[in-house]
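Structure record follows, encoded as structure tokens.
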């Protein structure tokens, strides 16, 4: 099946963070591909990847990067597809450098940025994008949101029990 | 024509910033609507707006907000559509509070965040999202990207002239 | 006994932080309730909780949230009661995102924000609020403040002893 | 009429910011007093003010301060009343120093902090606190919240008109 | 022997950080005292301590505090002596809140602030202050500075050895 | 008369900020000198200035610097005298770079840092240091502090009048 | 004459900032070229520019960029030449985003970053690099540094005069 | 063989970070020296080191420093050679203080700053500088960049395998 979502990152060390995006695709039955594409170490291949992405049938790109995180923005420069950026936190600065390097794109070339280290949300955003014209997928997203609500409700029991114990001393 | 993009903001004071998103829609011929929907002042209407958005034919929501900017995230909580957040800078902190309040969403509920005050990019991201399944619109996005390149090239003359003057002293 | 303080949070993972607010209520004999109410996962129930809070006899709400922390502000939008916000620190940014998302509310909808991760102070602030019209409770708050002073004084011995040891070498 | 809210600040240069809190009191018919009390220049009077506040009938204190903003926290140390802190922005740092100096209080001594420069919210929070045991005042707060919603709705016209103009080109 | 330096802190939990100041005093033979004085928990005693400090023969005060760190500034408000502030880092924000709360004092009431967690430098600054009018102590400070140079020079061997090993592979 | 306080800065463009320190010296009758000494442009003269300062009778140095502000720390490295650092704010970053470059000195070489742009406090701190062993000067400092209190008290009238006007509508 | 230094920027709006680098080249008689090369709008030309730079005789590249500033890092990825990055401050965040996006490069691909908005220093750094193997140019750099010292010394008169006036009252 | 690169740091505790720069020199066959030179503890030797560096044949200096990191800037003030600064992160603030203290140099005295803790990039930048006039070394740098690309490509397998596993469940 043709991949609809392309998940790329600058190094395999980002995979433990980024695989959460792939897991979402699996959960929602969305075909995806994942690879290492480094803006700084493979600049020409990066441009080729971006330029041909929509021709290969991809509909959304997800790019994770840390520090001077240039991959999402450079991909957005060479593809007409929506690009989702995941700020990967490095050893210092808690991902603030990654966030600003990804989100602060100049007018003309947007990157859809999600929270620091939150590749799961990148995956969910990709699903929402694909679902805009796919009613069946959108229904699954709505069902997923219902599940979130149910899970949150279920967690209330822990808190109510904890409160009850405190009251009894 | 049914609006495909819904552009909302907490107050009409955000319009001078947010209209750049509307202008993009106009440029690309994408039907849109724009309104004031305040998370803090009209919470119930905000939820109604979000819940019914996809039923009314909207495909993407763009929400601008400043400070403790809750509108994009709350809309994302009640719609299965992709929500694009624009951090509107207020009088203090240069939009850093708006940015963090919008982008740092918990797992499960993504907001596609663009750069501070950059509603134009929100509009362009909406077009890219719509174009994922619309080849004609994607071609227009590619053409637009060509225009950006041409404009940037043209600007080179100013710099080369300035450099020439410096050389001559 | 009717709860006067409602303590809510977005997930049971916040309970280890937030239970300090409940412990204060227990210490001061103030009836409270605690539950999971998620702005992003249970938005409609969140609004219902906020809207009915004062009708159920609650006098103060305490809401803990992290990251793009919308719960305190959204509750403040739907209740006339004072809402106390606790910025819960997440894995990155040391709670600075939580703090700004909670405290930077627009004019019209205040949230009484306490220090990062300091649910104990949220509980004590709730007691002070309840004590404004309850002389007996206020006397207990004054007594508590005396206790703080006594404890601080007692801790001086450790420091004086440490200093004495240094002097003797 | 006995003042219920005490509004204090370190200098008369804070009055243009802080008077918004007084205006709220006037709007809601809540008797208040306002004065200069400086933690750094009048430390003993500051302590006297805080210690006697509840004896004089005050129910809530509002304190505005900038930079190393010690006034709200020091008042909270000497009164059992709830103290609301307003971070006043100074010439540099956009009020971030004021915010952290006010909100980051140690366990035991809470300050209810509002957004940077937002004395109006401090006034509204004081009204909510007073309204906790005053049904009539709470009704007025609910009515005020309705007004906020109506104003926000009315502002929608400007945005819808602006959007209509864009559509027509 | 009368103490010349008074070292105070808000809790005995600050002692592990603050004792470095006391150790410097011991090294330089400067008599000192150390105690817990809390701005927020013992405000009146804090003021008494500050007001009487110079009458008891103290020449310099060193105050350590964290978070909304009010102790150094409040002492400076009630004593004519120089006050040295040590920003003690707490669990979150790496001491940035402590630093800003201590250093950003308003015109009229200075606090001599040293680096985050660096009570040793507070002690050395106190010695420099005392040495301004004490030639013998100043000579000891100069000798100490020579020692620092000698130690730094000695550490060069480690680096030169490490470099030599790298060269040999 | 021999100068007791040496006020130095990297450029005459710092004089409008730094002269406030000189004005304090004049107010308190403390002899001072002021000059441009640049760490980056006159490094050898800077070291000479620092090394000979105490021999020329100076008791305290005040150094103002902005950006990568190295002057205060480098002077502290070559003099046994107390060095007061004034973080001068430059065009960007609001003086945060200046503050961190001055205050974050390593163990062994303290700089007494005052608030951003606050040369007046640097002057007052110098006076407090000189006053530690000069009872007459300390009395003047105490009198000055009384004046601050009186001024603050006088400013209360403006606020009380403003409040009275609001009450009358 | 073949250009040795290539000065590039993303838009002609950066020229007012970046021309300071060109002026330095003119001052030192170093042949240079200047142009608009946009990482985001002309990605392929940007790569061509970088790849061919050393073949055309360039020895150093200077790249200015703001916000999510990718130009310096992307050039460094495709050239073996040293690349100097100038963080251009944009409307918000005072250049902090530009700085982090430029300086925080991953291991393998360095960018020599200078201070925010300081293209003059980029030019001077380029001269120093060229001078490493050009004794005559290095002598000119040393002479330039002497000039800086002389200018700084001359500025001392303004400060000494200002101080003299203060002394006389 | 005469060292071309001088690697210095304020203490041997910086060696574990800084040796990465030395390792690069070894990899590229560039002769180097490494030593402890402390701006704050050995100021005169530091100036001597900087002043004589180019006379001893050094072409580039690399200086690592943390906190109020003055070493790179002070060396740049006394040498005409290019100076590369490595911000060494200390216990608090994640190296942000080190970065600003190094990069924010005033006009006239540039420091080529690399990313926080990234001494490897400092070494690579030194090699690029030396390679500007050394074709053979530049070829080695180009080859090294090819290696980076090959390594990145190889890492793709891990990610593609991980993705394949997810697809199979």
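Of note:
Should a chain be cited, it is by its letter among A, B, C, D, E, F, G and H, assigned in written order, with residues numbered from 1 in that chain.
Here, a residue touches a chain if its C-beta (ideal position, glycine included) is under 8 Å from a C-beta of that chain, and two chains touch if they have at least 3 such contacts.
None of the values given here were measured: they were computed from a predicted structure.
Although chain E and chain H carry the same sequence, what matters here is overlap: shared residue numbers make up under half of all numbers found at their interface.
The equivalent interface to C-D, defined as the listed pair sharing over half of its contact pairs by residue number with it, is E-F out of A-C, A-G or E-F. With centres set at the average Cα position, the gap from chain D to chain F is 33 Å.
Here the CA centre of chain B is 35 Å from the CA centre of chain C.
One finds 50 Å separating the Cα centroids of chain C and chain G. Chain centres here are Cα means. That of chain C falls 40 Å from that of chain F.
Among the residues of chain D, those in touch with two or more other chains are 10, 40-41, 67-68, 77, 93-94, 96, 103-106, 108-109, 111, 115-116, 145, 148. Pairs of chains meeting the touch criterion are A-B, A-C, A-G, A-H, B-C, B-D, B-G, C-D, C-E, D-E, D-F, E-F, E-H, F-G, F-H, G-H.
Taken together, the chain C residues at the contact with chain A in this complex read 7, 9-12, 15, 18-19, 22-23, 26, 32-38, 40-42, 45, 67-68, 91-94. Chain E contributes residues 10, 39-41, 43-44, 47, 66-70, 73-74, 76-78, 90, 93, 96-97, 100-106, 108-109, 111 to its touches with chain D in the complex.
Interface residues of chain F facing chain E in the complex, by the touch rule stated above, are 54, 59-60, 77, 80-84, 99, 103-116, 118, 120-122, 124-125, 128-133, 138, 141-142, 145, 148. Residues 89, 94-96, 115-117, 145, 148-149, 151-153, 155-156, 158-160, 162-163, 166-167, 169 of chain F are the ones that touch chain D when the two sit in their complex.
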